[in-house]
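Before I ask anything, let me first share the structure, which is written out below as structure tokens.
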Amino acid sequence: MAITESTSMRGSKPSSSILNNETFRSIVFQFVTVVCIFGLGWFFVTNTIENMSQRGMSAGFGFLDSSAGFGISFTLIPYTESDSYFRVFQVGIANTLLVAVISIFGATVIGLIVGLMRMSKNWLVRTIARWYIEILRNTPLLLQIIAWYFGVFNLLPRPRDSLDWGGLFFLNNRGFYMPGPIPGDGFTVTLIALVIAIAAAVGLRYWARKRQEATGKYFPAVSVGLAVIVALPLAIFLLSGAPLAWDVPVLQGFNYRGGVSVPPALCALVLALAIYTSCFIAEIVRSGVQSVSHGQTEAARALGVKPSWTMRLIILPQALRVIIPPLISQYLNVTKNSSLAIAIGFPDLVSVWMNTSLNQSGRAIPIVAMTMAFYCLVSLFVSLIMNAYNRRILLKER
Amino acid sequence: MSTDTIEKTATRSAKSGQPVIELVGMSKWYGNFQVLKDIDLTVYEGERIVVCGPSGSGKSTMIRCINQLEFHQEGDVIIHGKAYGKDEKQNDLIRRDIGMVFQSFNLFPHLSVLENCTMAQIWVKETPKAEAEAVAMHFLERVRIPEQAHKYPLQLSGGQQQRVAIARALCMNPKIMLFDEPTSALDPEMINEVLEAMIELAQSGMTMIVVTHEMNFARKVADRVIFMDQGEIVEQAPPHAFFDNPQYDRTQLFLSQILHH
Amino acid sequence: MSTDTIEKTATRSAKSGQPVIELVGMSKWYGNFQVLKDIDLTVYEGERIVVCGPSGSGKSTMIRCINQLEFHQEGDVIIHGKAYGKDEKQNDLIRRDIGMVFQSFNLFPHLSVLENCTMAQIWVKETPKAEAEAVAMHFLERVRIPEQAHKYPLQLSGGQQQRVAIARALCMNPKIMLFDEPTSALDPEMINEVLEAMIELAQSGMTMIVVTHEMNFARKVADRVIFMDQGEIVEQAPPHAFFDNPQYDRTQLFLSQILHH
Amino acid sequence: QQTLETVQERGNLNCQVGLPTPGFYNLDSDGNWSGIDVDVCRAVAAAIFDDPEAVDFQSVTSAVRFTSLANGESDMLSRTTTWTAVRDTQLGLDFTTINFYDGQGFLVPEDSGITSTLELDGATVCVLTGTTTELNLADYFRANNMEFTPVTNENVNVLVETYLGGGCDAYTNDKSGLAARRSAFPNPDEHVILPETVSKEPLGPVVRNDDSAWADIVRWTLFGMIEAEELGVSSENVEEMLESDSPAIRRLLGVEGNIGEEMGLAPDFMVNVLRHVGNYGEIYEANIGEDTPVGIPRAGTQNDLWTRGGLIYAMPFR
Amino acid sequence: MSDSTTTRTQPLIFQPKPERAAPPSTVGVVGWMRENLFSSVSNTLMTILGAYIVYVFLASVLNWALFNAVWEAENRRECLDLVGRSGACWPGVMQWFDNLIYGLYPKDQIWRINLGFLALILWVAPLWFPKVQSKVAIGITAVMLYPFLASYFFLGGDKGVFWTALVSAGLTGLIWVWLTVFTELRYGRSFTRTMGAILGNSGKSEEEQLKFGRLSLIGVFVIAVVLVSQWELSFVSTRQWGGLFLTLVISGIGITFSLPSGILLALGRRSTMPLIRMICTGFIELFRSVPLITILFMFNTMLPLFLPVGVEVNQLVRAIVAVCLFAAAYMAEVIRGGLQAIPKGQYEAAAAMGLGYWQATTLIIMPQALKIMIPTIVGNFIGLFKDTTLVSIIGLFDLLNMARSVGEDTRWLGLFIEPFFFITMIYFFFCFLMSQYSINLERKLEAGARR
């Protein structure tokens, strides 16, 4: 039967007996499939156990405690060579998430810009955007990552000749260096001020809305709110005597030390991911905006709504419905694609865990299983959010 | 028929000679193709004008120029004595006096009917919300769909949507209303619904330009009927003169086609 | 009116007392909501039945149960003496005698009109292609659109599409035809087109159940009119009795609304 | 199932080498494999089939080399794999013997002024991932209380390219590879190999530890080649040597005794090996000797015969 | 009011004004430039900036790749001595060209690959002939039979009876395609029908004639068997496959496999049987949520462990299986999207007409769902084609790994950027073709959907 709901409805009928032909057949079919799949699984498992015992390989997660013994070029959380394999796993996850988050942010910004360029009135701008998308979308990401790594970051000057911005920020082929903050006593006051400022901004927005409802007067709550969030903590910070020291990177020996540094592999990976994904996002943005018919803009204009508000009140709310779902799946793709870090040796989960750790420890099964579990969890989590969102934004129709 | 004539004369006298819309030698090109040729037209306060003409004759383009949804290249479009110019801010102010109802409604599908009507009031005229809603409900009642206020446009029938579009335009309290073939997408039943709403509106003395081929409507409501062809105004006359005694061969031909249809 | 009556009696006598559809104490629930309550209905061979009633009263659900597009939970649906049961193969056989025309046509857009009509013949009845096409052309002629046979459904007007839907159902040579509001999606002109086609069909003596609010059609064609409300059959009577002298206040109320509309 | 039987049934040897690397497993534009590790594979194939071409070379990344061997995909691993306790005891593998003694060294630009590895505190170092090199590097710096930042990759070319671009201050790898790489630099003279050798890197063929008979075949083929060099038997004179009176040579070439048969091979398997592939000295000189682009001198180093002061030493072939 | 019609005078004649030319600044090249490049100050700035960026980009790439490049050299050293690193060193790539395209395939056997792809082109070319009718049959035979023919071309070796039959079937298919093309262009009906008309008695019905026509196919098959048993192609191990050839093989198989299995999975995911639905959903979600690289890794390193001792599965086969499963999961979601777009009424109409589940699915639902999703499906193909670069990470010598090997050749040691640049061009060429094709298709379908 083709009408799926009805069939199951029928199955739930109280008087239904097991002799129901259709139901019976479907149960038999399902039973056979399940038996096949479990049979196959059992076959695999017994083979694996036999193979492993015969070849003296060990499964199990015991090795997670033993010391890894290799260095990792970039770690977000503290790590030394004597830390355990499990720590390596954590380092990998942290790095993967870091890459994913930055790339997603970058891809969204660039994608938005390119998407708008694609719709520009300027022919040249439009054409550049088009070829930007065509070229980057049609070459493998793996090659692009390598190209960024060698085509750009490896060509930067050596540490001694670093590009220097005000003696605080440095860029060379070892990465990007910037001052790192060291909070002093009393810095908490500034943090508290920040929290207060955020609360104030939220309150301001609420007040602005209420006032507009009551009097019709418009108040630019967002920009004022942002100003408050910046200005208030800054003022408090300065008043409390600027209790924050900066760890400025200095050239010492081979390279800059201190401060915060971003290695070139990370830069290249993030840039490649962001730019590659931005092509897809640009197209998503364009199709989203173009899905809102021109009539909507004209209607808004005929009503006297300013272009900037037309975007905000009419175009965006409608375009977002079309944009968000494919956008999220692009975000998932970024997370998955960050596994290509292996090509330039950035220590993401796949590179540091499924490659280095697997090779050093030889524990293939637990390592591959843990890696896959991580990605599955991330994707499951995102799908849950997505489904909830999709349900919320459905246009009300007849 | 006689009450009709009386009423029409009454409103025509209200037309106090104040010109509201003046098109002076306006021309417009799409690329090399001249859509509008030297249009001269003056519309007085309270006048109801019906524009007709064959497809592609430039009717839509003309009324879109009045609203500056399209830009003309030569001549002037003057509304209440002020001409459109380069300054978009200024143009926006001029445009506020003009309401427009599109053939395809162009309602905002993500806003409820009420929000469709209050949105521009709140953001453009900075009306308090409660007041805006009262205005909106007033006009929704006037087009007889107050009970649909909290539905969304896609949940309404075509005729209802068209009425929302009219109410939405009216909420901005425009001095001039432009209608671009407001009934061509509707089925006969709904055409009547919408025309009735428009007739009621017409009786309130608002300046209106209506592009339509509903000749009954023109007869009943119009102060002047304008016939366009190939980007020019061929003929303009009061309805009885226009229908019963057209001056030009082109008009006669057109009328013979449209009335036999 | 007199020829009409004569004709009607003629066909009614053709109803030889053989029951074709029997609903016996049929009930249906959606979750906890009872849509149909203990429906008892017998339709005899050649009878033409019009079902009407307020929206949500269960009309569609009832005729969909007759076709087993929906399953009922209690009681029996018996077609030609055979009740639907658990055996889907058997049900499919029973169902073959029933044609259904949907309100929204549900034509297959990727197949031409002709293919729409031959598809089920070829795959379900295993008719040779040439023969199936002959049958299809026959019925397309009968609904007066043989010249559209090679077009695709989306290229046709609503009325034409509806006729294709009728022809498609007829091609399976059903003994019973079910129509679910076959005209509600059409504009007035097309309603007439489709109703004419159906009247012609009715005159050929096929058993028909039609859900519709076209009261003129009911008067002209029906042998019996059934009025439903809240999942029950409130009243059933020949059309003249039904319209001129309804028994229940509920029916009277409904008729007063629908006839003044 | 015994590996030898499997191999004989299949008709060829699955020998795992690495991604192309000059001198050890080199792939040329005609699709031919060559190199000292490749010749070990060929020698084993010659021992079994009398056909050095009966080898299927599996070239995989270092990351999966042990799994690929352990899961039975390859019969033996002949790539620059360091013999370590963990690998030998925990991964289900067996190291047979050593065909090359290597040690880890560092390559730095000459203009950096560095002359010793101990001056590398704080340096960024390019290192192959998944190798003992990576572990040794960490150990060495830890032992000397120095800091370093690794730049890791599994592709040597990426590392070299990074190093040349200045992305790291030093490039570390087995010394054998350093010289070869340097020779391909735009300006080889501007880079120096630091004198220290920071680790022991004994490299040799590996098999699974579930079949010691098979391990013996690999091990004794290689021992045979070393023995042959010691005895002066080479691919050129092997036919004449069949006539030799020396009991050691006669045993080696299967004229006397039944060493080959007991292993399940032909009695004269070493003749086949020597005829087709050559003795250890020959494969060394042909692939990585001083006359090759790789150019690793042998005389007087660990890789010379024990009789000449080196470490290359075959167990008695008797 | 109607009585006034009687007093009608002679009508005036309407003379349309002649069209005037548009103001010069709004039309022509000047008008176009004003509109599209210099319509405002900010626009003008953007134009200048854009032009500068394009110039810098093109100049540096062209300088390196063309103007400063070395075209003839014996080894990399020579290149370096000539231009250093300011120009590309192409001789290395040229010398490795065959390998980049065909992998390590024996040089004297390369004609087999060419022939194999030529056969494919011959096979599918009739799909673009407007007058050919049996396009569906041709497409299906291409998918069902071509692989046998191709795998024998590529693999070679001994063929038993079984293989001979399969390869002959493949050859029969190819011959049938062209016989049909010929007869359809010439006589307007397919080969079998033509033969039926010739062989069969003209008095017999069409059905019976067809039987004779089918007999003629057996004749063709016999000829093919004779031909095939004459061939003797040497065996080429899959380890020697590589380069673009391998990339095309993997992605080609992935693409052909993903469609049918994606359809089945999508149907399974919408099935009424809860266990089937759970299994399909689980499979799809699992394979979609992890990166392809982990799947490849798993299949490469772990599959041999799953199988009994002694059972060996070719590494290429494992990679292909991994790619196929991954592609199937992705395709399933695309198809599901298409299925969801089909209104419920279509299912009901099919059921009301007595079509069973499989009939309704194959005759009504799938054709519509596939048509809606064609652009997305092609997009998926492009993604898959690009993703095959990942098989290099498990050590298959696909295009990418082959390019990497150039730099390990002792003569071209360190030659790294040039081969990568070259293969990037190859990838771009194929992907761009596919994406343009899908855009065209989309336009065509859009136009077709309207009245």
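Should a chain be cited, it is by its letter among A, B, C, D and E, assigned in written order, with residues numbered from 1 in that chain.
To be clear about the criterion, a residue touches a chain if its C-beta (ideal position, glycine included) is under 8 Å from a C-beta of that chain, and two chains touch if they have at least 3 such contacts.
For each chain, UniProt lists the protein as follows: A = ABC-type L-amino acid uptake system permease component AapQ; B, C = General L-amino acid transport system ATP-binding protein; E = ABC-type L-amino acid uptake system permease component AapM.
In this text the structure is predicted, and so the values were computed from the model without any measurement.
By the document's definition of touch, common neighbours of chain A and chain D comprise E. Set side by side, B-E and D-E show the greater C-beta contact count at D-E. Ranking every chain by how far its Cα centroid lies from the centroid of chain B, the top place goes to D.
Placing every chain at the mean of its C-alpha atoms, the farthest one from chain C is found to be D. Distance from each chain's C-alpha mean to the overall C-alpha mean is smallest for E. Our note on geometry: chain A versus chain B, Cα centroid distance of 50 Å, whole angstroms. If you average the CA atoms of chain C and of chain D, the two centres end up 85 Å from each other. For this pair, chain B with chain D, the centres built from the Cα atoms lie 89 Å apart. In whole angstrom, the spacing between the mean C-alpha positions of chain C and chain E is 48. Looking at chain E, one finds that residues 297, 301-302, 304-305, 309, 348, 351, 393, 416 touch two or more other chains.
Multi-chain contact residues of chain A, defined as those touching 2 or more other chains: 1, 3, 51, 54, 146, 150, 342-343, 364.
With touch defined as above, residues shared between interfaces to two or more other chains in chain C number as follows: 69. Of all residues in chain A, those touching chain D in their complex are 51, 54-58, 69-73, 81-82, 146, 149-150, 153-155, 157-158, 173-174, 252-255, 257, 263-265, 342-345, 347, 351, 355-356, 358-362, 364. On chain B, the positions that touch chain E within their shared complex are 1, 27, 29, 31-34, 37-38, 73-74, 229-230, 232, 234, 240, 244-252. Within the complex formed with chain B, the chain E residues making contact are 1-2, 4-5, 7-9, 11-14, 16-17, 19-23, 26-27. Of all residues in chain B, only 67, 69, 92, 95-96, 98-100, 102, 104, 106-110, 119-120, 122-132, 151-152, 154-155, 168-169, 172 touch chain A in the complex they form.
Residues of chain E that touch chain C in their complex: 343, 345-346, 348-349, 351-356, 359, 363-364, 367-368, 371, 449, 451.
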